[in-house]
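Order of writing sets the labels: A, B, C and D. Residues in every chain begin at 1.
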């Protein structure tokens, strides 16, 4: 989870394709072409959304790379309820196995799981925590292949740390390790930022587009994707934080929307009144005929929808005392992260190794 | 840090007296009688506020018990800078020693420091973390008093845990321990909730009113104060979380304030225009003369300040998707808590024991 | 786990009754009267020993208080194997429920579980770790008794910390809390010292004699037992450390034992040879007839069993470079402690609450 | 810290060159040629030993690779005393800077610090803990070199994890990262095994021979040294564990040594007595003339020094109940590791960056 925080060029920020799609639709007030979307709520309490960004153009509109995105949303995942966690684990394992199959990744392919993020920052520790609970087998295949039973796959894992701890770009470390250990595909697990508080710790996103941290001028950090690593890269992400500015933005947007209708009515009333003050004539007056009164300008400026630039300015004002744009996480972050890391690690163990199932998978996690 | 989360009876929530005072002043649009306030910004970068709630009535208006509140605000405390932490430690030690002296608590008085909160929940672990880093001496006075040098005080410490872990009210545990160990005064350290993101992890509050968790019908939890424990209770608190609803509330309040002036102008313009449509007469028209036009009513409804009830409703709408009122903390909570716990522990070690100074205090913390 | 380390008055130290009994038998070379012992190895891989110290005199001989001691020994518990941990959990739950029943502690009796030890010292963190994973219910009975289903018991829990952290005797804290929270019985969980490396982390001891830390002149620490607390106290202990001196002692003892037989043979050969040098006579010579030759004295001094005093001296010599008597724990202590704490917490949850069984007990631990 | 535990080919195991040298001298009863040794106790309480294994042959005798070994021994380091830790930090920084200089590693050379070991196993977490507290600068040189002041060096750091967590040989990970990040030299920090309890957590070894984990047939793990990585590799190690078998071995060796003299006397007495039983003759009898009596054979077998094979067998017997050869660590391992990791991290920060000194170095560690 690495973010460029720069409010001067403020834009609503999300790592989730479903959120990017929602936003793009709101702004376009029409559906985006080149995007295929399927919502699956066949299982009560679990919403699965499959999104296919099919063209470069659609990708630009969404701010997401072309590729497949699968989102599992479970509002109750935040309740820290063991039976719900088991239910989500089961579904995640099925969906992930299916995702691999559609990419043509068969059972004999060797996986490297990369746990991105900083283990010292609780909301960023998801990746390293998943790695700690994986069933890792590559060394057995290397040292004593005859001891590995049927139904297992060669799996290795790595938590490369973050730039501030290592001084080395994560991508450089992963490149080096991929070259030496030669996996057939890479799975990256990372904590994400969402724009909605309600998605924090309730949503898991799987995608085949890899990881592309940050962007913009001067950013020398390289992506973790098929192009850079030479093998398919599947990203698994869970939103664990939101920008405080997002919460403020939502509040302002909602407020303006709320006032919308009565503002339109007021505007019409004002104009009708203003027109009634003009000298009578045959053809009815229209709003264009109204003189450019100062009072009217003020009023129109008020009730018109707030332009983006001014909205940004407002958010700035509200957040100014912070001196920075704070990223926040729910107070209960410790147990959320532990719970969802367990879901993903157990789910990966089951979908990567045929021999691991609901009966025995608990043995492999802590 | 125990909060009753109940949005149906929503009110702006803060554990900080300075915030309660600010709010009360905003709502009253006048100063509150029975409150003495002194702002001290003699030291660059550090704002110290001394607030004395002098009467029961003033206490009711603020929602804070009568007593003394001292607040140390250091915006840069969040920068994780060792030299600023040392500066704050120094100031905290001085202020706390002064606070004790004003309460008549002399050097020979025995202290029990209680670290409230849940060590498993990072933003709530402040109290237990402070306790871990205290210079505790009571056992030396009990077992081998001759080994204790001059300049030390009898200090004991306890982290009682939270109700969900122990099943016992914190107050019951502390009562029991106070009865057995017989301290002359009690210091309670706790994580607080603020209503402003910018106060999180930048503010330390000292008060002589004790701790009063929650309130309302059915709450059987007892206070930790002089009345209940029989000895003076000094509370030290640091806001580590905010309610998401507070951020939304601030955004809405700011937005309405922002619109305030132009709304007033528009209102006047509308009324002037409306008056110009009335038949001429000698005495100038006032707003009271304006007919009760529907359009005008709509307009007035809009630009009038939003009533509290409607504001609450709006906040509800914005936060509805959460299904609950989330409490949030900055992403960097782990290092914030560690840093501020170190400030308080070291500061307490210095102000409780004359023999501990800037030279040697690092030896007592981890 | 609090030990008086004092080699000058060295004695083989153990917190386990079965070890004390073994030692006493070795030294007495006969069975001790007033001790009832039953070994139960009906379940493969698990050795259960029930020991009843029936008299004060037997207690003195063993260095253990009169009472009931139940020991569960599972050598494979150290293998960190989930299925073995589940098997031991099951057995522990059965044995503990049975132990309670024999003491007349019925289902309606309220329990307070005390987790003794220092959470910062891994091999001493067993008690606090068990407390973290208990199903605690007392607050529900206090606040909303109607919400508690059938099959549960009122359980509270406390980790009082250690003297070095709190400055208050553990017993004082527990006394205070027992007076306020009024449990019907107390369960104390503590890490123990064993004299055998192979018992570390493989053995669980249950007893009805309470906890009696340290002993000797100047020790003001009080016991945690029925006499002091006024309610029955059941102690659960797991050896997590051994004294290095114990390992040395075992080595020396074994070595001397090993040499025993051949030494006896040599002694006889030497004497036979010596007797053959004496002038012939009618009655056969016995060893008493041998002259007090210097060489023979030396030899006898050697092969005779090493007296206790000299043995102590030897252990001193071997351990001298340490400057102290080190207490050691296996390198893998972190995962051992976590595993066995989970066994005890889950076992307690099942045996204290009828409604918790093998199906659902995982939900209550982390 | 990776050890092949195989008692069948038991040999006294140590990672410390000074111990290997001591042992080799004991066994040879003469000094080893090709070894240069300098003991420096100029600073009270600190023993510095510089050992140069100059030839392959000397290396074989010691079981250590040819190269330079520097050992800092501070018995009081185990006392957890802040002022001693600061003293050792100071000395370590001086010695390490000197060690670099002698290797021709100048201030402009880029360092990669590798923290070997398993962060989940406290006595093996030294390396990762040191890495967490390093002042890492490489990314600053890469992204914004103009912001880096004078007196700093390009430093990066990595905790690669252990085979059981990653499934990838540590050496493969380090190779990959060295290739990508191109340091001029590598510093490996690792926890070691000692053969003496008193060296655990009191000794720091610096060497220029790199790291060579394990050995023997079938071991595919590669070394971390100049040959394999292409750049100089400096190893920093602290013994944090001992094999229980070492403690037993020491006890047995000591015991046999203790008995040595009186055994020799007894042997002579026995032989003298035996000779006196032989028929008189002119030439005095020697021991060779004694008949091959069974009793004498037994006796000689006993008092002769115990052959290595039999000693191994004895150790086996003593440790048999364990089913394995346990590796032990002092009970206080948590705070030992934290203290010594802080010494090494702070010392490295000072010796790697000229701009970091005693005044400001505390700012860089946690």
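In the analysis below, a residue touches a chain if its C-beta (ideal position, glycine included) is under 8 Å from a C-beta of that chain, and two chains touch if they have at least 3 such contacts.
To keep track of the chains, here are their UniProt names: A, B, C, D = Germination protease.
Bear in mind that the values here come from a model prediction, so they are computed numbers and not experimental data.
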Rotation, 0 to 180 degrees and nearest 5, that superposes chain A on copy chain B via CA atoms: 180
Chain separated most widely from chain A, comparing mean CA positions: C
Averaged-CA centre spacing for the pair chain D and chain C, given as whole angstrom: 34
Inter-centroid spacing, chain D versus chain A (mean Cα positions, whole Å): 48
Between chain D and chain B, distance of the C-alpha-averaged centres to the nearest whole Å: 53
Numbers and ranges of chain C residues touching at least 2 other chains: 120
Parts of chain C lying in touch with chain D, wherever the complex brings them together: 75, 120-124, 196-198, 241, 244, 247-248, 250-252, 254-255, 258-259, 262-263, 265-266, 268-270, 272-274, 276-277, 293-296, 298-299, 301-302, 314-315, 317-319, 321-323, 326-335
Touching residues on chain D, where the partner in the complex is chain A: 120, 131-132, 136-140, 142-143, 154-159, 161, 163-169, 172-173, 175-181, 218, 220
